[in-house]
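In the two assemblies presented below, subunit A is common to both, partnered first by subunit B and then by subunit C.
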Partner chain A sequence: MLKKIFDKYFHYWMVFPAILLLAFVVIYPTFNLFYTSLFFKNGQLGVTRFVGLQNYKKLFFDANFWQYLGHTFVYVGSAVTISLILGLIISNILNKSIKGRSALRTIMLLPWMIPLVLTGITWRWILQDIYGAFNALLMQLGIINQSIAWLTDGTTAMIGVITADFWANTPFVTIILLAGMQSIPDQLYEAADVDGATGWQKFYNITLPLIKPSIFVALVMRTLFAIRALDIVYALTGGGPGESTEVLASYIYNLGRRWLRMGYGSTIGVILLLITIALVFSFMFILKPGSARE
Partner chain B sequence: MKFFKNKLNSGDNISLWQYLFLGAYILFSLFPIYWIIITAFKNPSAVLELPVNWIPENPTIDNFIYVFRERPYLSYTINSVVAALSSTLLCVVLGTPAAYSFSRYDFKGNKVMFFSVLVSRMIPPIALIVPFYSMMQNLGLIDTKIALIITYSFFNLPFVIWVMKSYFDEIPTGLDEAARIDGASKWQIFKDVILPVTLPGIAASAMLAFIFSWNEFVFTLVLTLTPAAKTLPIGLMDFIADDFIDWARLMAGGALAATPAIIFGLFFQKYIVGGLTKGAIKE
Partner chain C sequence: MRKSTIIILAVSLLVLFSGAAVAQDYADEITVYNSGDLEHDPATAYDIKRFEEEYGVKVNVVEVPWQYQIDKLTTVFSSKSDKVDAFVGSYFMLNNFAMPGWLEPIGFTEKGKEKFSPGVIKASTYQGTTYGAPLMLKDTELYYRKDLLEAEGLEVPKTWDELVNVAKKLTKDKDGDGNIDQYGFAYLGADKLGFTFRTFLYQSGGEMFDENLNPVFNSSAGVKALTFMSDLINKHQVTPKGIISMGEGNVGDLFISGKVAMVESVPPLHERIMNSDLSGKASLALAPEGSAGNTTYLDGNVIYVSSFSKKKETAKAFAKFMSSYESSLHELVREGNNSPNPSVFNDPRVKEKFPEKWVNVMQESVSDVKAEPYPLYLQVEQTLRQEIQKALNGSKAPQKALDDAAAQIKELYTNVLGI
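And then the complex of A and B:
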């Protein structure tokens, strides 16, 4: 009898425990985020008061918010673009006849697999002004003759953050694009060879259109992960110098955890979530990833 | 399925500039890792000598001994191992049956539930730090490993379900049919027929879930306070908080934090790449 019931509702038994846990760790916190964003909630003052949409109104006059939003777009835009271009070049090279492809893939993957906070710390150490590796290299090569304090200038600090990001994340893009390239049938290239196509023509007319779905996936995943990334900024610059590398992620962390301004921190969290969704939908609209999938 | 054929695809050989580009990129990729390793094996005072020594003169393991003896790195390591292993186990045990059900059964709510699993991957963890902090505070779980294990399933469980579903989708349903005709129950079909065939998939998703948990930063930073629950990546920030950053010892800690990445990358690259492409491509 019991066995029969188990068998009849088998598919529900199989999903039930997972869905229950997801309800606890995904659905509840997400609703809680929207709910908390409607409150003035300050842990230091110990005050919790319903304020409706006041926090969202405050957002428009919060100069920090707009400044950090700008930094976020600079950071995400550059890091994602550079890693996509680099990934496209590298995967195209690895897709050719090359010796030791497996070893190359192993070496290439390493930066992606180490903790991002270690990536941030390591680049901080590389860019350190006196004993750092970058200045030492430039000096030994005779390019500069005195060390430069990369992380005390807003622009070079941001470039450092972006560099650390695409250093760590280009491998992911490469793997995704390479998988897309490897699924292209050889006959297409053979036919192109018969027609006397050049390497560049084959890349532009065969490879690129056919890996459009992979490009879409890489673009979406990279953007999702760059826009939420706290690790690198936190470890490499701590938002500085001044506030020149503060991004929305670090703003949420400071508001929510350091200053215990939990209501307003949640409001920025909601905005970050909405920006994420808007970006994913606009990529879908622009790239139409389904169109090249056969 | 093989992910990377070993024959050439685009039929071209590599031009000289492509070789140079690849070489430069590999140097760029490896240099920071080399810098971590040489710094970790240098004497703390040798790090502050100019010109920089590219090959450590008197390599030493003192920095590693120091972080274990004088800093709570033993606790951090244990916490990292316990939290990452438990979360991986939890998510594989709960996620695999769910993925099988999503792949094989067309029941009410199947599409909606699977779609919400996908959508949940779009939610940035950083946005949820306040809800998670309040939730764990109410449960009295701040600064415990249990909080970390539960919280990591936020990203691990959807990931495992997603990857495992695409592995199950690739197995012909004829296999289920044949077992059903032989009189196997639904549970037996899953456990004795399908599961053994998907072991490579389970290995791949487990390894990636382990790496994701091990490397996790945001939730752990928010939910832990002391060595009772802090993990290695969070422990590294201890050094940054010091007035004077002790780079040699910090990099020894960094090398410890990078160990699983290096082991998995060197020995199980096939699984990592397989799970990664499955997790990303199939929608």
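And then the complex of A and C:
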């Protein structure tokens, strides 16, 4: 009898450890995030009290939240879009039979290998107005004749952060897209050649539809990385000048880790999680993964 | 047995056992979080070794960048962990850690406190109890290129107005390409922007908070200070714009590399100058006076002992050892960090190391330092820095920036502390 039950539910027993692990590393922290968001918690004062949805109500009137949400959309939208476009171009080049392709593929990965904090510090030096390499380059090319203090203006500082981000992360997108391109059978391109298709037509009608699943993966992963990015922002601008480059991830870090306002920090964490989920679902809807196989 | 032998034996045993009792008072090892790495902290490293040898206590040092020290320690202490026995932290951290009860009173006697500058003890004291053992201090001083000033026949500026005039004459486009190659003056920006503002605020006669913790830095003195900082960049154009994102190290680089002729910076720059090509070409003066004098903001390090430590007595002994005359002296002669103990400047070893004029300037400068410990330092500092940056890059008028900062801090104190 016992053996019969064991055999009947054998598959459940087999996946049980995995579910337990998943519950431990995903479900519990997520639940805890929601739970904590219902409390006023201040670690410095040692105060904890249940406030229900008060933190969510407060969030609607928090000017910082809305401002940093806007910065997050600008940052994530720009960095992800640019790295996707660049990734497409570079992977397309690396997919061709060019001399030194293997070496180029390895070199291309270098920015991705560097820790993001170092990337931030490096770009801070590059963008310095007095001894920065970027100003020196622009001056030598005759584009400017006066040093520009890139990191002291809100708009140019945000451009700097976005630039450092896509510089560091484009190799990741390239690798994913290149893997997708290499899985496309050569016969399709040969057939297109026979039909007299141009390079653009081949890219648009063959490559692009067939790497849709790869684009989806790259887009989702990049968005996840960018939306929670903290390293580059902190190392490059520290959120400044003013709060021009503060994003939701840095706000959560400040609230939860530095100021120990765990309850309100968790509330914004919940909202960021919901935004992320919404974005992933919208990518699924737009790109309809799997359509390439049909 | 003869009487004298018995007495000698008894005294020997007493000494032996009392020695053993003292030795047993101390733990075998303690864990200390240091602000920064010991490679750049040779005096601290040296004195820790001395303590280990003299007390037979192993000191496990955890190196933490100062910018992240509050974050890390807050996490440790909020969980009531005993993994940190003591830490080398800044004066400004006092309220953050003393208010929740995470610090142990250091236990100085009144006489013990007298050897330090009064401003230093005030900055280490929270609600009448002293929690910090002063290790070193960073006051603000004017570092200048005496060769450049002499070449132009200029005197060292003693007031803000003189500073502007001298800086204008030292700001130069040397090769005529329309780009400034040498700026006249720079101050500390980035994460030290709030410190710089305080120095100019105090020199204008202002204060950060009143006795009820109401922000008052948006007073006319505050506006004067911030307007001066902004004018140096935007109106007089004697200070590089990029200073907004440059901290202590970067500004030191500008001075050492000859890109800036004068800087208001903090003492470790002594050591860099002496070890650079500028040795002999650069000198030191008191920070130029504002309308209310030349008080400067007190930065620097103290040793705090954790109230969660299970080795409090050993940690306190360590803290007191590190703030002793000898340790302060090492901080000064080995690292160039100013001493919180004014008598150290009279030591022959200090006079041997530094030019007499420098020693006089350092001694006078440390006697006029000020810090106002207040709660929720990190939030206040970030808010203040953000608004100062806006004033400096021209996106807000100084009055508006300070009013906004004051309103945000007031709201923060109301919401979090119920003040």
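Quick notes on this one:
Please note the rule applied: the second predicted complex is superposed on the first by the 266 of 294 C-alpha atoms of A that agree within 3 Å, B and C clash if a C-alpha of one lies under 4 Å from a C-alpha of the other, contacts with A are read in each partner's own complex, and residues count from 1 in each chain.
One rule holds for everything that comes next: a residue touches a chain if its C-beta (ideal position, glycine included) is under 8 Å from a C-beta of that chain, and two chains touch if they have at least 3 such contacts.
Fair warning: this is a prediction, and the values are worked out from it, not measured in the lab.
Superposition model on subunit A: subunit B and subunit C are shown in a clashing arrangement.
Shared-chain residue A:104: touches subunit B; no touch with subunit C.
Once chain A of one complex is fitted onto chain A of the other, the partner contacts of A:173 are absent, as it touches neither subunit B nor subunit C. In the superposed model, A:257 lies in contact with both subunit B and subunit C.
Look at A:38: by the touch rule set out above, it reaches neither subunit B nor subunit C. In the superposed model, A:131 lies in contact with both subunit B and subunit C. When the two complexes are overlaid, the chain among subunit B and subunit C that reaches more residues of subunit A is B. Judged by the touch definition given at the top, the superposed model places A:69 against neither subunit B nor subunit C. Once chain A of one complex is fitted onto chain A of the other, the partner contacts of A:79 are absent, as it touches neither subunit B nor subunit C. On subunit A, the surface patch touched by subunit B in one complex and by subunit C in the other comprises residues 124, 128, 130-131, 139, 238, 257. Subunit A meets subunit C in the complex at residues 42-46, 124, 128-131, 139, 145-147, 149, 151-154, 237-243, 254, 257-261. The touching residues of subunit B, when paired with subunit A in their complex, are 3-15, 18, 21-22, 25-26, 28-33, 35-36, 39, 47-48, 50-52, 90, 94-95, 97-98, 100-102, 104-105, 107, 110, 113, 116-117, 120-135, 150-151, 153-154, 157-158, 161, 185-187, 190, 211, 214-215, 217-218, 221-222, 232-234, 236-237, 240, 247, 250-251, 254, 257-258, 261-262, 264-266, 269, 272-273, 276-277, 280-281, 283. Contact residues of subunit C toward subunit A in the complex are 70-71, 74-75, 78, 96, 99-100, 177-180, 190-191, 240-242, 244-246, 250, 253-254, 257, 259, 376, 378-379, 382, 385-387, 389-390, 392-393, 395, 416-417. For subunit A in complex with subunit B, the touching residues are 3, 6-7, 10-12, 14-15, 17-19, 21-22, 24-30, 32-33, 36, 86, 89-90, 92-98, 101-102, 104-111, 113-119, 121-126, 128, 130-131, 133, 136, 139-140, 167, 171-172, 175-176, 178-182, 184, 186, 189-190, 193, 199, 202-203, 207, 213-214, 217-218, 221, 224, 227-228, 230-231, 234-235, 238, 249, 252-253, 256-257, 262, 265-266, 269-270, 272-273, 276-277, 280.
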